[in-house]
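Take a look at the structure below.
Here the chain labels run A, B, C, D, E and F in written order, and each chain numbers its own residues starting at 1.
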């Protein structure tokens, strides 16, 4: 069916009221500040048959991202460039609302938003992945495997993708193409997602918050504070001021996340 | 899914009786003679990213046909021949009864009947579309995009296909293969469709007529009055005399339509 | 769709009781002994456009197996080996419970169990099917087409596959690769299937028996009495002793079936 | 139609490559009641074609929303076994078999008293086990027998037959080579008693006169094939009576 | 975004390859009520884009289990004709069109009074017949007109518009070459009266200041496009009155 | 099975390439209750395998027509992550995983008291994150823990274990190289208390005596694995009590 929905039917009215009430007092259902993300733990190299991998735990949300690097043919219009391809699987293990079957619109949006951040942020130097111009290049497959869904898959997956890429090695020796080498990473784009709850904007929404949010905004920024990708979701709207505020917050929060990814720190925001 | 039906459920008994009554008086619901088609307007070159295109308006039925010409490999058993391939999309924009999804049996029959006319009528000189024998040929894609469905898609689509082919240019220069050249057209096969209503045979049925018809016959003839393709449809039958009569009418009506296609006339039958 | 089930809903309680009662007296609904298969008739060469074929009638179960032999590219990891591929179609002609559509889990299991017997039993000498090392090999397609389903498709299909292979000729001359030659067969693996009914184990279950069986076991053995494949099915269990007994019986019964296949005998078990 | 070749399809004596006269059918053999599970079944060998047909129904239409409260839905499914042709066919429906299934369904429905079985389907499965041109008309012919074997009430046994043009000559019942290298093919399904036309397709290049000659030929041959159908049904009946 | 090239997208006079100023829209033409069968329809030409939209509904949601007892479901389907682009696109939805259909559905829903039509769907079909960058924002703009034509009650006509960056300059409404070789694209959908943002995507590389400049440009242009929408609707009305 | 190679799988001391004795298991680590959303979950590392399992249910079977009025339907879905193997696997079910899902479902059902939960499904999802031969038996073993964690009533914890033949020697629990280059593999699922066999497959080439030796080995090892399962469940219980 692929009719997978992130939100799960009706949230009890009482919980909705409770979350709004907390927001009006400046706090959240799990006690966080509006601009505070959940504890973040990154385990690189979890899946050793992959050329790179990272298990991301963002609160109770768990995502495993694997990177495979294989040989293929370049696209005719980019003979001097390796290939990046991103796929997301919302396997039914991760949530009672995920259904088996080919990727639905939720999984496709997730994969494309993560892909956009990595691609437009030029995280990988794809020109260094050419083996023979126009003939043979390295293909980088990013596969997002969601294990436990407690909200905000965009950030968990985007963080996992970047972390797995920094972990990845190009298996050149296996193909008699010289020594293996680290995947050439040149930028570090990090997504940060916000939810609009009533008139408040909160970072890294958990499942309860996501379920009652009217609008969602993901902003991906790099180590220079430049913006590389945005994606607004849900059927509510943002004011222009809210958008500006979210973009500003994303630069700050992105910086903190980036240091966890690069330091391979074991998490604990702050 | 894909359960698209041309007819739309039950036609009110009253309308059915009315159409039969009119037929018994020699006329039709829109005042036409039995052998009269609806006003036909052809706009060639409507879709300029296509190598050829034609927007056909047959009464209220609107079909846009685009022709793309690309390079490919010939079939092993016809190394000296270009390739023709025809596809039809009954997009749900065109009718409340069309559903999204892969082509159903209605769309497949439509594409195959149009294809048969063009192919068996040898409209295109496919031997002139060989670039390198057995290696590289031009592929001609005819794509039928139905926009507004008010009956008789076979004729609107077949006319559109022929018109778009006469509009088409082979983009040789883009591939450094010399100058662009007009697609080589050698014959002009035109389909004409008849519906059996009671014991009457009417040409170019509109949606109301199609919905109550017991049988349908499409006859494709060329500029020499030869027959190239026929397709009977629906669960009623024709007498042998009715078939002969329809074939004869199709030669006459086909001639009129052909002059509109070739003259790029702006329509108005008669 | 594709939800094809071998068993057909609820078997009347009375029939179930009757079969159990017969079993307790050492006999079966069609009068057979526990270790007796139904009359087996094999017609080789039935489908003459196939390179090899066999129509198998096992009681009322009818399966037609066709073998096609075509040229293809070897798998990268086995450049010195031809390719074997097995497919099963449970066409809805064969049973009121079979549905059109892509192969469901029943058809896939059937094809894989037959394939496993042929492949692991090394029935075909695949190394003799190399035309040009690493470039061109013969591909052997085994296609199982079920025509009438009255139980035990595993044996009917496995017997048909082996018989069709022994009938098959490699069409070398058609491709200017020398004279046609018999497909090189080196072993003769034969599957025998058992059903557990109550605490009894019966060979070659018919549809009635299959429908009330708690467990199923297929054992494929070759002419040396070696075991090449096993597959247990259904949600019941076997005791270890039952498994041993079934393996032993399969060697004996397999021998009888093998002589029918090789002698091209016209059947009649015993 | 119309692949180029130097093959001569009609020899100097006016005979075809398989020795037939222009208006001669290939050998046809029919057998009724060949399957146990189906409600009705039949088998045909027609030239090099081997085709089996089975009928299930009338049975309750499922899912319910497809039910027609006024009549049975007739669904024919034409399918070729992967090994029925020279080059292995990928299993499953392709565009050709989808189209053929549609026109065969419509042709068969024209003779069935569908209004007697509202809310049901009558499923007709046609499996081509070996193909040699003319499979759709042979398929209709054998499906018609399977419907009779299933006891489905019909106005008449419908008959399929094709004619065409090869080497400029109008001929009956094209075989595979004639179909590949000939100039036109006209498959038809005919209701023998009333001579109504229930299926009609054509592809190729024919003058009006040639087309009429071809259709005349097929109309006439249909009567002969119809007699064979009756014989095949009689054989089944007789057997049953003998058994009883 | 960001394919390398030597193409100069801004000339020495600060003009773009099609002669426009940085903050200038391409020519836009709209027409309401172009299809007979649909409940509402509209057509737009925007630069080289040719896009048609149709609305069906509110109609009973089917299958029943997708019905929402509290509101209508808005389902937009963005589709490109195979021949709408330079290299033929395989028919049917790809990943890009699935994503665009989703964000367009969400944007349109934000202005529709869905709670007035429980248990129904409002289907919006957007067919791109000729593509020249900016199809999603042009699609939203024309879909909005089709919704109005279908009489669907809305808070406002929603407007789509994009801005971006080429050769380091922030510009409005990128065309195809600018989209291919430029540095960033920011498609937006805006509710003109309240200036709320209903769709927002971005890809490329932009500083905060550049991004704000781009969004300012799009917000402003939205008011201009909104006026064209009103004009198009008025033309339809007037015609009807004249006919009456 | 049986790819040719010069690799020696048993050395002169009778040891295997990873240093194990013929009847020795690879290291196994199990953990119960690793996921928040699932009703039950467990994780296993078995040699180089890393597998996670989750259970949802009993929950109402949907769509309704699949409901069994007499019992729960047990549906296991075995799935490999694309990156769990050396050569990237295309996402989604292939023929192998369809077959494995079927036999695993049947094996698990044999121990579940399904008749207590009519009209429901019990869904078991097995995700292979890293594969090293024996994934199906490891999958059954960990699925059994996830079922227990979900509180599904069972006759016993079912255990998966395989044995086989390499270099002519019967061995327990093949690893990847042994599976690739060995001569036979016999995956089994065993109910430890009654020693019933709930899953049994085999491929390769074995005499009757070799096969019995292999099955004996697996039957015995099953008891050892069962003890580890009990330990893993106890650890979870203890933790909970400590927390309380």
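Note that contacts are C-beta pairs under 8 Å (C-beta built on N, C-alpha and C of every residue); 3 or more make two chains touch, one makes a residue touch a chain.
Quick caveat: nothing in here was measured; it's all calculated off a predicted structure.
The chains that touch chain D as well as chain E are B. The chains in contact with chain B as well as with chain E do not exist; no chain meets both. When every chain is reduced to the mean of its CA atoms, the largest separation from chain C belongs to E.
Chain C and chain E have centres, each the mean of its CA atoms, that are 58 Å apart. Rounded to whole angstrom, the centroid-to-centroid distance between chain E and chain F, based on C-alpha atoms, equals 52 Å.
Chain geometry summary: the mean Cα position of chain A and that of chain E are 27 Å apart.
Moving round the ring of chains, first from chain B across to chain E, one meets them in the order B, E, A, F, C, D.
Put simply, chain B touches chain E in their complex at residues 46-50, 53, 60, 62, 64, 66-68, 70, 87, 89, 91-96, 100, 102-103, 141, 143, 145, 147-150. On the chain B side of its complex with chain D, the touching residues are 3, 77-78, 105, 108-109, 111-112, 116, 119-122, 217, 222, 225-240, 243-244, 247-248, 251. Note for the complex: chain D touches chain B at residues 1-3, 66, 74, 95-96, 98-99, 101-103, 105-107, 109-110, 186, 191, 194-208, 211-212, 215, 219. Within the complex, the chain F residues that touch chain A are 35-38, 48, 50, 52-54, 56, 59, 77, 79, 81-88, 91-93, 123, 125, 127, 129-131.
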